[in-house]
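The next part holds the structures, each set out as structure tokens.
Next come two complexes, and both contain chain A; in the first it sits with chain B, in the second with chain C.
Our next item is the complex of A and B:
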């Protein structure tokens, strides 16, 4: 195992504290690198019979990540997590409507800034290898237009890609090598934020862990890393904090130590149920299902399944708030 | 031999000894109780390749009884999903046989060995409301649907209106008809959140236990396999496996190594 300063330092508690305060402009020096407040992404669709409906696929999502940290956003596949990555990078489909506030290095992340920063300050590691050009040798793809041959060779060496690999086409590489090429593409520039969307599909646990450790290293060198994944076990191995994604929003953002400590340390009833449902912690199924993006209830998205639910829960928006060194979107969490 | 077979502690709760000692509460899995007669699934010297390519499966032999829950663990690309298709009769091997109680799999009609896939959205007809998909597979009592967490309103929905976890409930229910003797579950909960995963397994294990249906669980998740399987087969490359039955297994990999 590579050595790294693993998770549980006090500093990480502080970062999670701050993300609620990011919009208050009192202490510019303490802004986290990336802060997202109340992000919503909506799509307008035509249903059968041409009735127009609006799908809210991301709703009032808040989170933050700072340099030196690995943040894992964990949630079921198909629940809209990828849209979060696309929203930060500014590559959402044209029919998406976005609201809320994102800041990067303390300044608002406008569409124009996203375009300037993409690839230079903010890098993307996609889930799909379709992001590679099948007809271009991988060495040239990694080098890109702004970097030198030496830089390409250095980054290949770093990720254990032999020099001859530069002359191969994507289809000639194994799944694990392709993953490393995608990371190499992202980090050849000295970026400060890396967004990785399901970066380990189809890899064995050992190979996936290897990829995750590369992300850990990149964070330890002073970058911020945001990993979107459905696999909470992978998050356990390298992340400093986990943000729990549910039906298009974040219910809880907590330091890794709390996920290790168990349900009492966690805040949101869903996160507690999630912990108890893990095969290694009881495998206890909590009843109910996530609401469908076209039929989100008013108030708390968890109210139907929640054992703590009261009438207030179903009225108005439930705000994300700071609690015990983490963030939670629940009015009754203690 | 590049695989190892591990009897999963032999305890009815399906936990490894190390986990059983831990103080935390868990709900023990019920032991299989024979209701229907016990069936035996046998794969005999299976050899399979796609269109004259290199063999994906070579000399694979496997025996599972309907009282077992056998886990097959390995990375993707090692031939597990091909094995699942061969066991369930969706692909015909070039050599060898798949036998259920001594009979070759029927060519048409109901399949006694049912396959559940990782991607339910690809396994249901997108142009049918879900009630029709379910009705095609047989009669399902309301009680069963309730236990499965299938909301009656979903029966009139279209597949693209439900999440993967909701659709997978239909696929699981549909595979559990009265004639089913074995179920092959190919990474069926990999893409779901852990609560949905626990819900689906609770139901599937319960039905299989009560109605004496055997389970072959293909997964890359060791924690899951250790939780639910009575026996685990671990391999890197099926094409070089000669026997994954466990009957003759001599090499027992310690569980802590299996977890690496």
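Our next item is the complex of A and C:
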């Protein structure tokens, strides 16, 4: 398909940025490119009869990602992962309220700074053709408002998009072309952080892997890449670390090596269950469902399904803590 | 490859033109049959309509005239005779104006076209501009006021507005004349273009009111949708400013439906003109249809029915063709003249949230691929397809 398949080395699997994972531990002089502490996103909605309800779709989420690194945020579809991307970019719907602290390059990421940085330092790779203007030719869209025609042609060449593709409309793109066009939109801006939201829907495994390798390559060139996906298998091939997303929060953020090593190397009971549920590990089903964003329980969001659960688990907030070179949100994890 | 593509597009163009012509002919046939049935069933007495109610003639004389006109023939026979004449370019003589129907139609249609054209342009331009401003500044004071006024005006009956306008602007303020197309008592040769325009302005304004209101609401809603769309959000994420967003994506996506809506609105325009012309005594098709209906002028009624069907049909055809020419999703696909909207594959539902009720969106909703709106007879309280109702 593309002529640009850079040799991809496996050394990244083993290359672990411990200081990124345990952001509380790192040396004060170094900070991860993007760090998120206790991010919550709430929506106020009116139900029938004007009853006001609050949905907490992201709750006390913490993670960090640094340059050269691919972080995969893995979670079930519809669990609010996309809001994480929108929160970082500052493009949440108007009725959303956020709390918590985000820093980018060591400085707080305020709404004003988000507006300055998005498209310039932080790029977004959306998930579907809906994110392209249906009535504008692809070339002009990739070019955007701040780049030249030459830059557009260069980035097209990089991703093996023929010149005629620039004159197509979004509806005329094939699935594979669309992915490369969406990535091109991010790469044409010289950014240091790329956030990809579900970048491989509807692709064959081979094509999806190809897309993931593009992201690996972008990280190797010195960018940080945050990929939000429901497909943990794809993350296995390119990510440096995986953050496990559940009911709007992160349960565990661990180096890739731990996910390869197996349940004993992992920390959180949910991550272990997730591991065992993978087809290649016996497909053990994991009973239960995630709690509804409008009715989050106190304490651990996993308590209803957890085999280790004790009364303490349902009291107070469970803090994210560093453990064995990773981060975990569980009081009983060892 | 190019040649074959050209051939295939020419073939589909030819198919489209043939199909459209066939549809037009069958529509005109259906309209004429239906109108004929209606006027046959109506208690019209053509002989009285012709000689006038005051004229005193004996029933025998009346019967003789009726027999001479073939009024005792069975209706199908009368219809065929009429159709035969129409096909030979003879639409009969108007019973009340005593002039060939074709002449009246031509003269009145020109006057009506001037009136409707002005109202049409006004509602398109004014409605679009106001709709865009409202959509971009959604929730602002301007938006709220405009939206409320537009909602109220879009349901206000045209004849009522026309009476109101006459009272305020012609009677009290005396800015505009009391109806008619030219000054009363002036010789035809002395009538200037300025005279005509001066008489045209008030009826055109009144006629455009409901159009302006509807176009504003429609454009506003499309603009709000466009600016809240995923592609606008993505553009925002790529550092486009609000102005760039509106210019690059908003206007582009709003202009297309607005333009087709504009052409598909001929039916309402014609319906509105019947009432506006009546109130302003404007000598167009609209006032002719009222006179013909009230006084039983069957040939004229049938003629106007045909002309109005033709008028509305052309609006819809233009709307469909334009859609095909302007929308790349149709133009660039294999069949450029197929006037149907190509459905984009909906690859994902992107919002993980339960439906957020958007209380501010306007209640005007239009089916996106415009259905052929065909009005057989204009009715008084005409609304857009899809309706316009309060929440």
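Here is the rule we go by: the second predicted complex is superposed on the first by the 305 of 334 C-alpha atoms of A that agree within 3 Å, B and C clash if a C-alpha of one lies under 4 Å from a C-alpha of the other, contacts with A are read in each partner's own complex, and residues count from 1 in each chain.
Here, a contact is a pair of C-beta atoms (placed from the backbone, for glycine too) under 8 Å apart; a residue touches a chain by one contact, two chains touch by 3 or more.
Here the structure is a predicted model, which means the values were calculated and not measured.
By the touch criterion stated above, A:80 is placed in contact with chain C alone, chain B being left untouched.
Of the two partner chains, chain C is the only one touched by A:145; chain B is not. Once the two complexes are overlaid on the shared chain, A:105 sits clear of chain B and of chain C alike. Judged by the touch definition given at the top, the superposed model places A:202 against both chain B and chain C. Judged by the touch definition given at the top, the superposed model places A:171 against chain C, while chain B stays out of reach.
Shared-chain residue A:95: touches chain C; no touch with chain B.
By the document's definition of touching, of the two partners only chain C reaches A:129; chain B does not. After overlaying the two complexes on the shared chain, residue contacts for A:153 are found with neither chain B nor chain C. Put simply, chain A uses residues 78-79, 202 to touch chain B in one complex and chain C in the other. Residue ranges of chain A in contact with chain B, taken from their complex: 75-79, 175, 202-207, 230, 232-233, 273-274, 277-290, 292, 294. Residues 19, 24-27, 74-77, 149, 151, 161-166, 191-199, 201-202, 220-224, 226-228, 260 of chain B are the ones that touch chain A when the two sit in their complex. Those residues of chain C that touch chain A in the complex are listed here as 229-231, 233-240, 244, 248-249, 252-253, 256, 327-329, 332, 342, 344-348, 350-354, 356-357. Contact residues of chain A toward chain C in the complex are 43, 45-46, 55, 57, 78-83, 89, 91, 93, 95, 118-120, 123-124, 126-136, 144-146, 168-169, 171-172, 185, 189, 198, 201-202.
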